[in-house]
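Read through the structures below before going on.
Next come two complexes built around chain A: one with chain B, the other with chain C.
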Partner chain A sequence: MVQITRRGALAGGAAALGSIGALSACGSGGGGPAESGGGPAPMPTYTKFEGVTPDWVGDDILLDGFRSYPAEPVAGIEEPPGDGRPISFITNIPGAIPPQRGENPFWQAIEETIGSELHIDMAPNADYEAKFQTTIASGDLPDLINIPMSTPDLPGLLSATCMDLTEHLAGDAISAYPYLANLGPEYWKGCVAEGGIFGVPVPRLFSRNFAVLTRRDLLEAKGVDPDVQPETWDEFVALCQELTDPAGGTWALTRMPGNIANMAAGIPNGWHRGEDGAFTHYIEHEAMTASLEAQLALFEAGVLNPDAFLANASTRKEWFAGGRAALDYDSFVAWTQYESENIAVDGFSVGGIVAPPYQGAEAVQWLGGALNSITGFSAASEHSVETLLAVANWFAAPFGTAEHLMKKFGIRGQQFELEGTDPIPTSRGVLETGIGLQYICDAPMAYYFPGRPEIPERQVGVQERMAAALSRDDGYGLYSPTRDQKAAEIETPVWDAMSEMVQGRRSISEYPDVVAAWREGGGAAIAEELAEAYEAAEGA
Partner chain B sequence: MPRARSRALVHGQAAPGPIENAIKILVLGVLCLVVIVPFLTVVSTSLAPREQISAAGGLVLLPRGIDLSAYRALFSGGVVSRALGVSIGVTVVGTALSLFVSCLLAYATSRPYFVLARPVLLVVLIGMLFSPGIIPVYLVVKQTGLLDSLWALIIPTMVSGFNVIVLRSFFQGIPAELTESATIDGAGEWGVFARIVLPLSKAPLAVVGLFYAVGYWNSFFTALLYISDAAKWPMQLVLRTYVVNDAAMGQAELATENLPPQSSLQMAILVVSMVPILLIYPFLQRHFAKGVLTGAVKG
Partner chain C sequence: MSSVSRTDAPLRAKTVRGDLTDPSPPRTGPAAAPAPVRRRPGFWQRLWRDRILVLFALPGFLVLAIYHYLPVLGNVIAFQDYRPYRGIRDSAWVGLENFRVITEGDPAFLNALANTLILTGLQAVLVFPAPIVLALLLNSLLSERIKRLVQSILYLPHFLSWVVVVALFQQLLGGSGLLNSFLRSHGWDALSIVGNPELFRPLLLAQVLWKDTGWATIIFLAALSAISADLYEAAAVDGAGRWRQLVHVTLPGMKSVIILLFILQLGTSLTVGFEQILLQQNAVGLARSEVLDTYVYNRGVIGGDWGMATAVGLVKSVVGVVLVLGANKLAHMFGEAGVYAAREK
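== the complex of A and B ==
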């Protein structure tokens, strides 16, 4: 067993970590819901589930890692959590369309296990918000609601339509739901509205940390150390040049790793709360011009695929999987997915490079968005809050438990077969299990790959390198009406300008003007609102 | 006598010379390529082997060999074949019902002696000009118990005001002598409609039918809103699931057998969703131009 070390305080958000109340008010990105009023929310007490022993132990932020699936998964829940009556749930589905309830033995087995029928109303990822908003507007709410983080006026929606769970989850009350208690405070911050807890989290956080993903096999073929970690940005650029061969139709990078350059330049993640209490966005940071110059250096070195600024995610993945690019820029989730989708490709192996410092800056590593979504319990539901929490608790089962094996892999002989102690999904199992259960509630991802322990070992290694200088988004968990209404409108010109500057089509010297326009368009108002929301959430 | 012209007259105009012909051929050739190349790329990518797609970075113009694994993967779960069945069923039933109701409405409002023609037409026009919006329609569908029923894909969009106007214009243009003589011969209103008016209206019926069919076939948003059971999803919603969701066929967190390339799957499902509606066009082509013009000039 190896203990993962998290050296030093988390950069950026360190000042906000003093109290549980503070935890409810700071964090990472993209518009969390805490309302600016009501004082510090009473947060659930974090109690790591000790029933399973990981090979690499994480904590409330860092992820556990496993070489293999435990031979005898622990059963942590004895009684079915359901009340015998159907539970309805609206959600997106991330992958292929699964067989529906009547034709899906996995779905039926889950229902039998939890003791209630599950009526799941599904929509494809890209269209889910349209369906969700229509459902909300019509008042036709299911018992469990998958609420996207981008929902306008999220605090208002949560408090108006969902059950208040505070009394059942705050402090030690959550101990009645040990798998929910296994979710760290960073996840719960996003579920707070108007001083109360109005949903359960669907966690992401570290699994969404981004790195430069490497094709280790291609690096090795070029005579480069497959586990190379450049010590400086210049070394990174040199590595990219070594991996580029335009005559052979290969370029090092699939796209511009803009945020890697930001991290390399030492720019804090998302919104940063300074010592004076003022909020600033990373695009305002003085090192942004250095980051843009670092990106321009990559562009001018000719190491990006010529279509890098036009290609969609599918094409990018084709380049990386097909060997036309040795480096991609993506998350741990994408890493595992690459390994999974290319398992039959001889020698295919992925590694990770974390942002190296640019020109002596103190590089930071941005912590990924804490939540995929929030699951709210409809206030109009006929089920008791205890029942719905017990169901969420069941679906929050962490890796290595019997409940986890059931919800992720299904039943042995049907949806998976065992190789050693590792469950290997059958093709039928892959389809049948994709019914969106992970969006009811989930445990944080664990590093694991059936039959390939070297993959989680590498991922844990990259996590350790990142852990040294993590940077949170202090705006996470805070609500700003202006951000809700204008963020996309005022940010688009900034992204466009950045794109032009890193391609040498516009002078980087114009960047301050771009930022000034952003501040004037609403950026300054957002900063003020976030500061107010922080003060209110702190109860100051 | 004047010298014979060097170029023959075609429809009273001089035949184009070789340079003009060359330019026309070039322009038309480029236009054809603009249409054909994307279509060919879609079909080729759906059939190309994995190695070629990977080497090409996603899209292939001409496949080196035929690999049907993308089609096998699509049809393996039964989702695509069932969605095709749903789409075909909704399109056939919906088009038939739409034509039936639209013809009745258009015929009734085209009769000068029908006293309610103007008010009814006004209702049709209001429905055409002012959309009620998503939420009110959703509430109506919910209150009428149509949620999660395939009828929700048909009934709310069954009558198009535009198509009714097109048909009505055509019906009004049918000479009154024909319908009067049928009446003199003893035909009732139904007889006139079924034996005189409809047989004379094949062209506009074909066009309006095609409009309805394409509408039903392409519709995905109604299914997204009203259908919870994915087993009832039509082809276009399945298509969006696979094409718009980039990671659609991958399975994060799980090791699984090697899947066909994503581009290949996406193009295969595009082909599957295009072919059935494309097959209809050749059968309606001869009516199409006439029918569209008829409706247009009589409006």
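== the complex of A and C ==
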């Protein structure tokens, strides 16, 4: 289930960004210098960008929200960052294939602004990992390499193929790149390999939090409060039943909300570091059987589409967007994507339900993964590290700056039209801007939807509900060789067993055996390695 | 395999057609043959003589060499702890370490192997004969026009990709598909067909049958049309009915083609519908659906264990080659031509 979640999140996250720069940029935060989090590698000093004031102010974890785009975007960078020579970049693209360089005025305008040609080698999201691996194996690397977080032996790859950026970014050195300095320590933590900083982050974090997404319009049509928040899991199941009508071909849920059940059962996110310093994975938490029971209850209530376990992401999204399901299980990024893709559908409106407690447990909310990916600078690049950092800095421009408006929306009259102060993408703008620029580097995301302030308002509302009980993955940013080599192998039987159990094909009482096999196969070793890595990082 | 025989064809035609060639074996030196009028032409002479044919064969040869033979060298990573960013040259050598999943019988590997063998067996018994039967049926159709029409309709599914075929089956037989919607709207219970582990294998076979049976009849129909009508007439004169004609004329006439195709099939017998299965794997679970190819994909490409995946793939290929050569030998022993003719003594 987590497997699906992870891939789904990657795809979903990417897609929303490309479609419409709705969730976009600007971080603000607790301010002050970063707590040194990344072990031997000294972290860059975090300096919040103060040029734009958000309508809903976040912190170093919570995202900012904006009702409208600032009327006068701040211009922060005077000099074009490029060195006049072409910069090559390999990336995935989430949306439709855009017009290529010669026929893409947006692309050309970006090149002119940054002062270098951009040679982008792009592959659709689903094919990117294969293309990336092949490119790496060929040894013929572009200047900028977008690296998926799921890449095996990520630290080894980073340190072997990418420039060491540590001395240019650590401590106050980063002040030469103010937009990069606007990225908090949580993001940089994931870019560390072998004690150094080997890439720039493509940030996500809270936008990757998962909720049960609701079709508010469908709920209202059924006479249900569109902003309903079930207080308990039983109430949630009852709501699902109310929204299910098999004879009419509609079922409440598009898929099993596995992690929502985990949160409902109070299971901490990912790897959890206990008070004794020992690491445990959520799948070995004692409440997992409760979570599986909660999921089985949904299954047995018949509120899932009968093809829920067959459907791929696009089918699932069709069910939700097409009204064959009133509830989906996805992230904030997908939420924004749904809204932007269905903007022409009358009354279409999405809301979010946060995980309600299951049988008296204290529900938690899992914090989304900090990074979408990392972009490394090829060690073989002929460009200077300063040039490439300056380019990354330009693309990290936060919400409300002129650079941000340019990279996300393009040029007024071409890729967008103004409605009030809001840039509304034109149809050609949607197509032309989808060239994967967000994967060179990006600002922290922000809640914003051009012309529809009620959407970020709802999202901020759900974020606030989640904020009280956030649970972070303590294993993030720590490297375990066994996890790298064996996680997929030993986890697969666990996901498989979970899937069988929540469909009532296998008894949940067998779950402890499944976990025992996982521990034996390498789970215990991973826990030990993470504890050591944590000691090493904190001790330094 | 089929591409090998295809490029082979012009070369063979050349030797058969080579009327200039001395029929006696080249070993026969000048001393042994006292009065040879013409010597066997040298390599370059022959190349020049056959230049047009060689030119025709060249593109196919290049494709084979570059895309089939050259990549074979990459199998060396089966003996390495391969890391893409280090490349083949700098990855650590680990000997037979990667083969341990096979030699020590990793349970996931054994499960994949068992599923593969079961599916291979089912396909050999149920899928392989289907086009033969269909070809016989088509052949018995009298109207040429209807025959053409039926053939065309039966070929069509072959050109659909697996994604489309799987989606079609889901739309028809899935939990919220056409069939079940119909059942529900009439107050009956829905049937669990797609996504039901118990029915996974029959479903796979049904999909393969629907998609490829029509296409596979082409060769058998060609074999059928090659059987002389005289034989049927003679059999009819001797009093053979339709059934006897089938047994004593038609099937013997098709025998060599059937054997040839069966042997070629053996070479890929451990390959059982990678794409088809991968697309439907999530719903039914690994216990029923994991086969060698998906195992290699899930562990190697997704899990990043390239060396192990290559090792399993390599063993799979070796088994395939051994099966083909063995079956071919067996065919020769029974006096059949097999894939290629037995060497003359």
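As a working rule, the second predicted complex is superposed on the first by the 499 of 540 C-alpha atoms of A that agree within 3 Å, B and C clash if a C-alpha of one lies under 4 Å from a C-alpha of the other, contacts with A are read in each partner's own complex, and residues count from 1 in each chain.
FYI, a contact is a pair of C-beta atoms (placed from the backbone, for glycine too) under 8 Å apart; a residue touches a chain by one contact, two chains touch by 3 or more.
This is a predicted model, so every value here is computed, not measured.
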item	value
Three-chain arrangement built on chain A, chain B and chain C clash or fit	clash
Partner chain(s) touched by A:E103 [first = chain B, second = chain C, both, neither]	first
Partner chain(s) touched by A:A247 [first = chain B, second = chain C, both, neither]	second
Touched partner set for A:P86, first chain B, second chain C, both or neither	neither
Contacts of A:I343 with chain B and chain C, given as first, second, both or neither	first
Contacts of A:F309 with chain B and chain C, given as first, second, both or neither	second
Partner contacting more residues of chain A (chain B vs chain C)	B
A:G171 touches, of chain B and chain C: first, second, both or neither?	neither
Partner chain in contact with A:P512 - chain B first, chain C second, else both or neither	neither
Touching partner for A:G420 - first (chain B), second (chain C), both, neither	neither
Touching partner for A:A488 - first (chain B), second (chain C), both, neither	second
Overlapping segment of chain B (options 77-85, 95-103 or 221-229) - the one that collides with chain C in the superposed model	95-103
Touching both chain B and chain C, residues of chain A	130, 137, 249, 307, 324
Touch list for chain B against partner chain A, complex	53-55, 57-58, 76-79, 134-135, 138-139, 142, 221, 224-225, 228-231, 233, 237-238, 240-242, 244-259, 261-263, 266
Residue numbers on chain C that touch chain A, as the complex places them	83-87, 108, 170, 174-177, 180-181, 184-185, 190, 192, 194-195, 197, 280, 282-283, 285-287, 298-299, 301-305
Chain A residues within the chain B interface of the complex	93-103, 119-127, 130-131, 134, 137-138, 140, 249, 307, 312-315, 317-319, 321-324, 333, 336-337, 339-345, 408-409, 424-425, 427, 430-431, 433-434, 445, 449-452
Residues of chain A that touch chain C when the two form their complex	4, 130, 133, 136-137, 139, 151-153, 156-157, 160-161, 246-247, 249, 251, 305-307, 309-310, 324, 484-485, 488-489, 492-493, 496, 499-500, 505
